[in-house]
Amino acid sequence: MNSPQLKLRGVRKRYASVTALRGVDITLAPGGSLAILGPNGAGKSTLLRVMAGLAHPTAGRIEFAGGKHDRGQVGYLGHATLLYPELTARENLIFAGRLYGVNSPQARADQLLAEEGLGEVAERRVGGFSRGMAQRLSIARARVHSPKLLLLDEPFTGLDEPAAQRLTERLTTLSAEGHGLVLTTHEISRAARLARSAVILVDGTVQESIDSDAMSEAELRAAYARALEAAP
Amino acid sequence: MKPGNETAPNPEADIPSPLEARMSRWRRPLGIVLGLLTIGYAWSVVSAPIDHTQGVIQKILYVHPPLAYGAYLGFVITGFAGMVFLGRGREDLDRLAIASAEVGVIFCTLMLVTGPIWARGTWGVWWSWDARLTVTLLLWFVYLAYLLLRGFGGRNPRTARFAAIYGVLGLVLIPLNYYVIEIFGSRSMHPENLKQGSLGDGMGLPFLLGNLALAGAFFYLLLLRWEVESQRAREDDQGSEARVGGPRAPKD
Amino acid sequence: MNVALAILWKDLVSEWRSRDRVVAMLIFSILMAVVFHFALPDQDPEALRALTPGLLWTAYLFAALLGLNRSFALELENDALGGLALAPGNRGWIFLGKAAANWVLISIVQVLTAGVFAVFYRVDLLPGLTGLASVVGLGTLGICAAGTLLAAMAVRTGFREVLLPVLLLPALFPILAGAVQGSMAAVAGRPVPFESLQLLFVIDGVYLIVAFLGFDYVLDE
Amino acid sequence: MNVALAILWKDLVSEWRSRDRVVAMLIFSILMAVVFHFALPDQDPEALRALTPGLLWTAYLFAALLGLNRSFALELENDALGGLALAPGNRGWIFLGKAAANWVLISIVQVLTAGVFAVFYRVDLLPGLTGLASVVGLGTLGICAAGTLLAAMAVRTGFREVLLPVLLLPALFPILAGAVQGSMAAVAGRPVPFESLQLLFVIDGVYLIVAFLGFDYVLDE
Amino acid sequence: MNSPQLKLRGVRKRYASVTALRGVDITLAPGGSLAILGPNGAGKSTLLRVMAGLAHPTAGRIEFAGGKHDRGQVGYLGHATLLYPELTARENLIFAGRLYGVNSPQARADQLLAEEGLGEVAERRVGGFSRGMAQRLSIARARVHSPKLLLLDEPFTGLDEPAAQRLTERLTTLSAEGHGLVLTTHEISRAARLARSAVILVDGTVQESIDSDAMSEAELRAAYARALEAAP
């Protein structure tokens, strides 16, 4: 059950007066995992939104296994939580499950709530959740349809240490099972632990990319430093 | 299909596009023809017989319906260009839609000026809530809202898509505007649409010339505006290539 | 299809939990009736009664604006609308789900509002009820179709409350014209003129189709 | 005091940048004029003219609602209102700053709207202009005072658009009554009745004081 | 220029159905620095909002140097950025400066923008800022009136490494100059570096508190583990 190959070619994204991506080429092999690193404002989140099908590239192509982009195969976690504050945690997951046509959304919701340690607050309105609770639920939402490819934008934000550790373990397992994974983070050590390849974005351009199967933290740090140097 | 879903058109899409380049070559000759037409038009309006019931004011006839047709034309082009933009991602046609909506609104505004002047002359009031008049006002509102949407949303593809959809939605009003006379026939103050031979003797030629001249003016303005729009798009494109980027560490 | 049902369920559950939209729309409509009373003093009862369908539709229109705005304000917090955009399949179904929820809620309010106006302005609505109901149903369908599409647009440009009326009202005037005419006939006990219904039908159809197809583009960034 | 000026400046700069509020309120008012036309067909011009002040005030009222809502919607993103609440000193000044900004923007819209209504309904406003201006100015002051306070409250409860009209309209009925009466007299060329002005004065005063003092509590969690 | 003493006594905070704080006593000495730690949903953010004067405690008192709470002496950074999306970065800071009656808001804004590395984007609308850019600006906003006491809720969220490092340095300097500092974070190592005392909240109660002047990371970790153990 490998994730499909993901391919970006010459992806550009322009907002009114700012160009966030200036021609990005990325290939993620089936079952691969990729860390996107870079300084603030480099274009990481924009790139993830393009991959998720949330934002149109201004130019360039994005393909799944050579074919069309398919939103059903992708799970996305962004800077916003995508949750409804008036619904309970459980209802939010059930709703997301229905959106994706999950078979029995109730059961899936309960399972995810337990995994994320939200069992006790399942029936509370999400509006009153603390940042970390909302982040956990948002992660569960991204996984509700067991997507083949997970796109996570700074997934560790706001999580306490046990939760962060559980997330690391879960992502490692998923990756081992052949799920695709793309994540952004500012913690290089986490990136090195979770991903087998990495690109370093600066100013909308891929400045460095590492694709050795055993990427070390030191290697990644060096590449990051080189990328910042090279950028004008 | 949608603009650039998985295949966005050619990244450094030429601005102006081939279509735009071809069309803009027509502007100059059209200008010359327009100049000649205007002279003939002016002469024929002056020499046309003066209406024996309404007097001189009736000469507004020679601009008023042509203005209406120009407005219709502008909005129809806006709608269809928008559809093609949505379906094929043709940004040049989006620029055409902007140009066309603006020229259409200008024509519509002029109609909303000449109509009431005529009304003041023959009906004795500037405005009446007659069906035709009201729906014309609406038409004006819809495309004004279209321009506002573009203004508020700023120059970006999302706004362009919204505007395109709105332009298509607005098309409903055009047949309604034209046939509203027939629907509300009896209770309407505004005369019916023109039919074969409903114009008086000697009024046919100036009316025909009026239609041609104003159609010429319409297309001239349209091409001009379109060129300006693609010029702006090009400047935008180049401007954003200049480095913008994110924040930098302070250089100490 | 399932997506539409899921959204309908979600909107109705949220509404059931807080009941804020229905209650607010209803109170707003009633307040409109009172505003008209203040704004149009010294009318004789007979004249006022003739005006009732028009005033009623004005109240319907503005109450619907309120409800539509809220309907997407809900989707805006935490970028939930982005979450909908992520769902696979044709986004037309998202439109249908939202439009159906709006239609249900607005219809509930309309029935109650009609009752209030009937009492306030002493109009007997019962004789022409089927005619009135069909006109109101058709008119509201058009309002919800165009309204859901345009509210989504307004919300996405970030101008929300202010842009929606500007975009929506012009698009609704033909519906308003047909509906007021039809309602007047129904209230006066005459049969609803065929042209009114025809007009409403055609416009509803066009708006529904454009909105279903266009929603795809509205949710894109 | 400085706080009030800072907020006034900030609101006017934001508005100047987008001009969305003024434009939207204005178009909304014009559309109201058209809605009334559809809603009140077949009125003879004379009768319609008599109704104009009432219709004008209805338009003012709803346009103001739109503007007030937007005024606090701006404060809601990123919890900017929380940021205001953090400022030291008496929070009454925050109220005054917001209210002043609303008053400026709404007044601009009102002048233009009056022009449009004058043309549409063929009413000559020039003779009674001073009277009309003073009634409108006073009435609007009250609307802004109560409106700013209640909009802040509505926004804090999380129901915003839906709660504001429900809270605000009842509070504004007395103002509406006085203002319509005064405006009718002014438009008809009669002097504005003293009672109208008195009523408006008293209500304005009360609302301003209550809002100034009460704003402190509104901003607390 | 020491910060005033901050004293909380028996502070409780109840939301509709949830009790977030169950009687918290904290004393922060003049010029002291305090880290608030605890798992997700422990009540850290609520506590900070109470200290900032944003939320009223349901019961209990909060005092400044024995006197009334004074909002003018406090700078607060929360989970929300408190920024206006339609204004530019610079305008946002100028506005905040005026709110606090800063003497020359323009000059202060420019200074802060330079410090946070936002000089180049100063004239861009904040609505289009990336998460990290917004976070930097939000930090600048909290400091606009040079408050004697800084309350920072997970200030490192979304910052890239250089920015995080600069923030650490700046906070160390401020603390050395006698400014008070209260911060929450999930990164125990950062907390140990920045604060001289710590409390560990679990479920709205202070389970452990450390007030040795030289708090070590190991000590903090041990206390954190004990607190989680002790909680029911």
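Just so it is clear, A, B, C, D and E label the chains in written order, and each chain counts residues from 1 on its own.
Assume a contact is a pair of C-beta atoms (placed from the backbone, for glycine too) under 8 Å apart; a residue touches a chain by one contact, two chains touch by 3 or more.
Predicted model, so just to flag it, every value in this text is computed and none were measured.
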> Which chain pair shows the largest tally of C-beta contacts?
Replying inline: C-D
> Hey, which chain ends up farthest from chain E, C-alpha centres compared?
Replying inline: B
> What whole-Å value do you get for the distance between chain D and chain E if each is reduced to the mean of its CA atoms?
Replying inline: 39
> How many Å are there between the centre of chain A and the centre of chain B, using C-alpha atoms for each centre?
Replying inline: 46
>> How many angstrom lie between the centres of chain C and chain D, each centre taken as the mean Cα position?
In response: 25
>> Can you pull out the residues of chain C that are in contact with at least two other chains?
In response: 18, 159, 163, 166, 169-170, 173, 220-221
> Tell me, which residues of chain E touch at least two other chains?
Replying inline: 85, 121, 130, 132-133, 136, 162-163
> Which residues belonging to chain B are in contact with no fewer than two other chains?
Replying inline: 134, 138, 141, 145, 148, 152, 245-247
> Which chain C residues qualify as touching chain A in the complex?
Replying inline: 2-3, 5-7, 9-10, 13-14, 17-18, 74, 77-80, 82-89, 220-221
> Which bits of chain D are touching chain C when the two form their complex?
Replying inline: 18, 20-21, 23-25, 27-28, 31, 34-36, 38-41, 51, 54-55, 57-58, 61-62, 66, 69-70, 73, 159-163, 165-166, 169-170, 173, 176-177, 180
>> List the residues on chain B that touch chain D in their complex, please.
In response: 125-127, 129, 134, 137-138, 141, 144-145, 148, 152
> chain E touches which residues of chain A in the complex?
Replying inline: 15-18, 38-41, 45, 79, 121, 124, 128-133, 136, 154, 157-164, 186, 188
>> Going by the contact rule set out above, which residues of chain C touch chain B in the complex?
In response: 146, 149-150, 153, 156-157, 159, 163, 166-167, 169-171, 173-174, 195, 199, 203, 206-207, 210, 214, 216-218, 220-221
